[in-house]
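In the two complexes that follow, chain A is the common piece, with chain B as its partner first and chain C second.
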Partner chain A sequence: MLVHSRKARWAVWAVFLVLFLPLFALPLLVVLGASAATHWSGALPSGPTLDHYRAATRGEALQALTTSLVTAVAASLLALTAGTWAALAGAALTKRHRRVLDALFVLPVAVPSVVVGLAVLVAFSQPPLLLNGTRWIVITAHTVLVTAFAHQSVSAALTRLDPAYEQAAASLGARPARVLFRVRLPLLLPSLTAAAGLCFALSMGELSATMMLYPPDWTPLPVLVYAATDRGALFTGSAAAVVLMAATLLVLFAVSRVRTRASYR
Partner chain B sequence: MGIRFDSVTVAYDGNVVLDSLDLTVEPGEVMALLGPSGSGKTTALRAVAGFARPASGRVYLGGEDVTDLPPYRRGIGMVVQSYALFPHLRVDENVAFGLRARRTPKDEVRRRVTEALELTGMSGYARRHPRELSGGQQQRVAIARALAIRPRVLLLDEPLSALDTRLRSGMLAELARLHRELPEVSMLYVTHDQVEALTLADRIAVMDTARLRACGTPKELYRAPADAFTASFVGGANLVPVTVTAQGASFAGTELELDTAGVVAGARATLCVRPHLVGLGEGPNRLVGTVREIQWRGATHRLYVEVDGHTVMADVRELKDPPGYGDQVTLSFEPEDAVLLPAGVSHG
Partner chain C sequence: MAEAVESPRVARGWSRGSPRPFGALAWALPPVVALALFFLYPLALVVRQSFRPDTGGTSLRPYADVFASEGFRHALWTTVWLAPASTAGCLVLGFLLALVIAFVPFPGAKAVARFIDVYLSFPSFLITLALLFVYGGTGIVGSFQFLTTPWGVLLAEVTYFTPFVMRPLLAAFAQLDTAQLEAAGSLGARAPRIVRQVILPEALPALAAGGSLVLVLCLNEFGIVLFTGAKGVTTLPTLVYGKAILESDYPGACAVAVVNVLISVGLYGLYRVVSRRAGA
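Let's look at the complex of A and B:
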């Protein structure tokens, strides 16, 4: 929006702050404040301490952070592979068939994630595919939940990709596999990394389906945060939440660096 | 190596976009496909490249039926309007792409990339990325990339349309030079610009509404167009309806002296005469009319003169004292400068 007069510009900023601060910034600031406090009885937290952070970066909590990171990386890689593959295959379909494929991929995010959790639990509790009680059931559920985003973002990028590139490659004698790996995928790289970041962030924060599925030796960090707040340990929970947030942002930042180096257009 | 279209028909969703095209491009020949947008000229080129599948008919490259071959097995070079350079690869990697796809040995790749970049005058830019080049430079790289694989034929799809006018005439000269240096490569050149076609092509195929309207050397098409569409699309023309008489033709109550060989007296026909061959003043064939528009074009004046409800254009040397709007003027042309075309075609 182009705002010309100085007064109007100030007004726009004021509206932005009024909307942004209470909705987005304050809750995060509260968590940040609580994570470094021993009491919070007045308007502001008191008794600054780093004890909660110490607790949140060792032992059980550290284990949970690693679990979350491994789960998120595995799930987003699986989702990216499946989603990209499906998007590439879908690009060759007729419009009607593609719409069916798109709908199928959106299904897991369209239904409540508790339902997906339950479905995965029921489906994988019986041999021959007995995943219940292993880490794989958590990774599977996360993959199912985030593939939709990978598929959607890659197929959107594919429709924007000028077919002239692949045709130029084909006319130069490149077989379809070479066109895919040397031309189409490199050109899609920016959207692939964007999709990977999105999948990772979603998986890092997933709780509702995870709650129904996680085995005792594979507890992701959100579950730990939830358990801490559930038993009243708000400050410990806040510290764990800040660690979760920081870890996620750090990885997203690293992924975005890859993206800027890979964007050519 | 030549190209042959054997009644090639292409249809998309039941829409015929190319209607049984028969056309032969001789080895080493430059054939321009000239026509307005939607005339089927690009579809014809894509049928050779393998990106448009004929519903019927065959496409031959050097006598070999390639209709069912995938694009990557056809050995053609293609240059498109948008250049389609791979943005993630450097200039030399772009040019090497086709050679690497063919598993050419490394030394050979390096030699041929250098050669192709020299041929197009882009040697100094080998390590740049396409985004760092201007439009004209990108087009040169695209041509180098297409030539590096030593294609049997070179397909050019509106290669100069994205360039500005000055660059365009420069590139046109470059393409003519390339053709002289690579006389064995046939070129199929798709364009809607008659100047490009007249300048570069050995022969021009004029296309309209999915059909081939005429095919011949630029001079043939210009001097003796087969129909009104060709006449107006190649070079621009005055087209007026006339009735053929024993000595010539009659138009607007005037008798015109013409070569009427092959036309029966009394028949209706279309008279075609080029604007620059119409003069102002007395002459053998006179047309009297009213000036409706006059444009100064530097070296020439173009007059739009209304003669009996038809507009006749005349390009004359710059006039010291040009006529004004509504003035009565006399136009004239030599009998041998006019051509009679079949009637019944639209007089656009």
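Let's look at the complex of A and C:
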């Protein structure tokens, strides 16, 4: 305990609330409130309604939600495979080589995602690989963007892994593939599911690269939220945003259940 | 030795400290090839396109046009001051809030820490969407054109990115031995001094890690700026979008993109080198 006097402690808590509530709780409450209202001209929203939710869970919006979910699942699985492979391969390299590999895989974080979108658009609008106008161009861009995060979290987990397990398995005659699939990957499972959740959430909310290259028949939900906001339909946009958040949280919750079950083993 | 390297049985790259570096390199090849095909090759094409104006040939014309335009210089300046300012705000605010959660805990502090984790999984444009209601045309505060100024973007960026600083800080604080604080306190040090001389040095690596991530994310932020709907605030990412999608000026967009990548990667690299030197 850093602050001992009772009065000082209350003062610190008051400052915390004054900073925390308006900055972090208010935005979420505002979007939640607006999604179920028709007007907002005073201090509080008025005209409670569920119409925006009805609009946000059918037709175009429902299709956008499915699009987002499919894109995010595909991109996170691909990114997890590539990132884990790179992290595992990197752990066996010499220090100098590993530093090069790490720098290469951190690069997509440093490069603006709008530029990643532009680059993917420029590269795959021409032969040999023509992806422009298909859903694959969106999935490709999302995969590139989230692979860096998957690689970072898996390689951080690898350095914390106790090498005694794999050494024991290898000394008992287990082949490298067996050590990988029966010892190292199960030990990594909690970090793998955490990385999968991170990749999924990032891909669900991705807007910048998507805006550069989405085809008309593959419109993810964030683009729809932007389109609604841009034409002034703020309340409909809020309801779609709440649906987006709820879907993300539901999947993250399911993924975290996998993690807790795995850690009991 | 050469045929031993070729044979798949020797590919023991997975086990740590493998005595066969070539096998390890071979295993590292597939992800690197994939990254090169889907990321490095597209980036190279962007650089190539930025030297090829629509009029044909290879020239520096797109760069000359871009640098000469008022809009680009404005966007460059906005990007370059907005990102460090937001990062500084996030570091100060994140440090203060994490300090209270970790060392002056209140009932529900754990729930607040979990809320921070959830907050990280939401898209950034959500904050601007909420601010549109608070400060927008008919909002809570009224028709106050705050959001269309860079200050509105600054507020939104500090709000959205502060949790990115708090999470590594909370992890670092959890590992701090509270006996150190008790010892310092029993020797007569008061709270500000304990924060400055005991907690801050321990928090530096986490601050450096969180700060570098937030700096580069702020430099590259797009959704927050796009959602303000303001013509007054353009940053380099929104300029790239505007030139490519709205004006179909691909050479110009590629030139702006090259400048943006150089700034982002340069600052990120610099920050990593400096924070490593600082012992973080």
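We adopt the following convention: the second predicted complex is superposed on the first by the 249 of 265 C-alpha atoms of A that agree within 3 Å, B and C clash if a C-alpha of one lies under 4 Å from a C-alpha of the other, contacts with A are read in each partner's own complex, and residues count from 1 in each chain.
Here is the rule we use: a contact is a pair of C-beta atoms (placed from the backbone, for glycine too) under 8 Å apart; a residue touches a chain by one contact, two chains touch by 3 or more.
If you're wondering where the values come from, they're calculated on a predicted model, not measured in any experiment.
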| item | value |
| --- | --- |
| Fit-or-clash call for chain B and chain C when the two complexes are aligned on chain A | fit |
| Partner chain in contact with A:V183 - chain B first, chain C second, else both or neither | first |
| Which of chain B and chain C A:A254 touches, first, second, both or neither | neither |
| Touching partner for A:A170 - first (chain B), second (chain C), both, neither | both |
| Touched partner set for A:V30, first chain B, second chain C, both or neither | second |
| Touched partner set for A:W85, first chain B, second chain C, both or neither | second |
| Contacts of A:M204 with chain B and chain C, given as first, second, both or neither | second |
| First, second, both or neither for A:D162, with chain B first and chain C second | first |
| Per-residue contact with chain A, leading partner among chain C and chain B | C |
| Minimum C-alpha separation between chain B and chain C after superposing on chain A, in Å | 7 |
| Doubly contacted residues of chain A, that is, touched by chain B and again by chain C | 170, 176 |
| Complex contacts: residues of chain A adjacent to chain B | 162, 164-165, 167-176, 178, 182-183, 186-187, 189, 262, 264-265 |
| Residues of chain C that touch chain A when the two form their complex | 11-18, 21, 24-25, 27-28, 30-32, 34-35, 38-39, 41-43, 45-46, 49, 93, 96-97, 99-100, 103-104, 106, 112, 115-116, 118-127, 129-134, 136, 138-140, 158-159, 162-163, 181, 185, 191, 194-195, 213, 216, 219-220, 222-223, 226-227, 229, 236-238, 240-241, 244-245, 250, 253-254, 257, 260-261, 264-265, 268-269 |
| Contact set on chain B toward chain A in their complex | 49-51, 70-78, 80, 82, 84-88, 97-98, 101-102, 129, 131, 145-146, 149, 155 |
| Contacting residues of chain A [partner chain C, same complex] | 1-4, 8-9, 12-13, 15-16, 19-20, 23-24, 26-28, 30-31, 34, 40-43, 82-83, 85-86, 88-94, 97, 101, 104-105, 107-116, 118-124, 140, 143-144, 147, 163, 166, 170, 176-177, 179-180, 184, 197-198, 201, 204-208, 211-212, 222, 225-226, 229-230, 234, 237-238, 241, 244-245, 248-249, 252 |
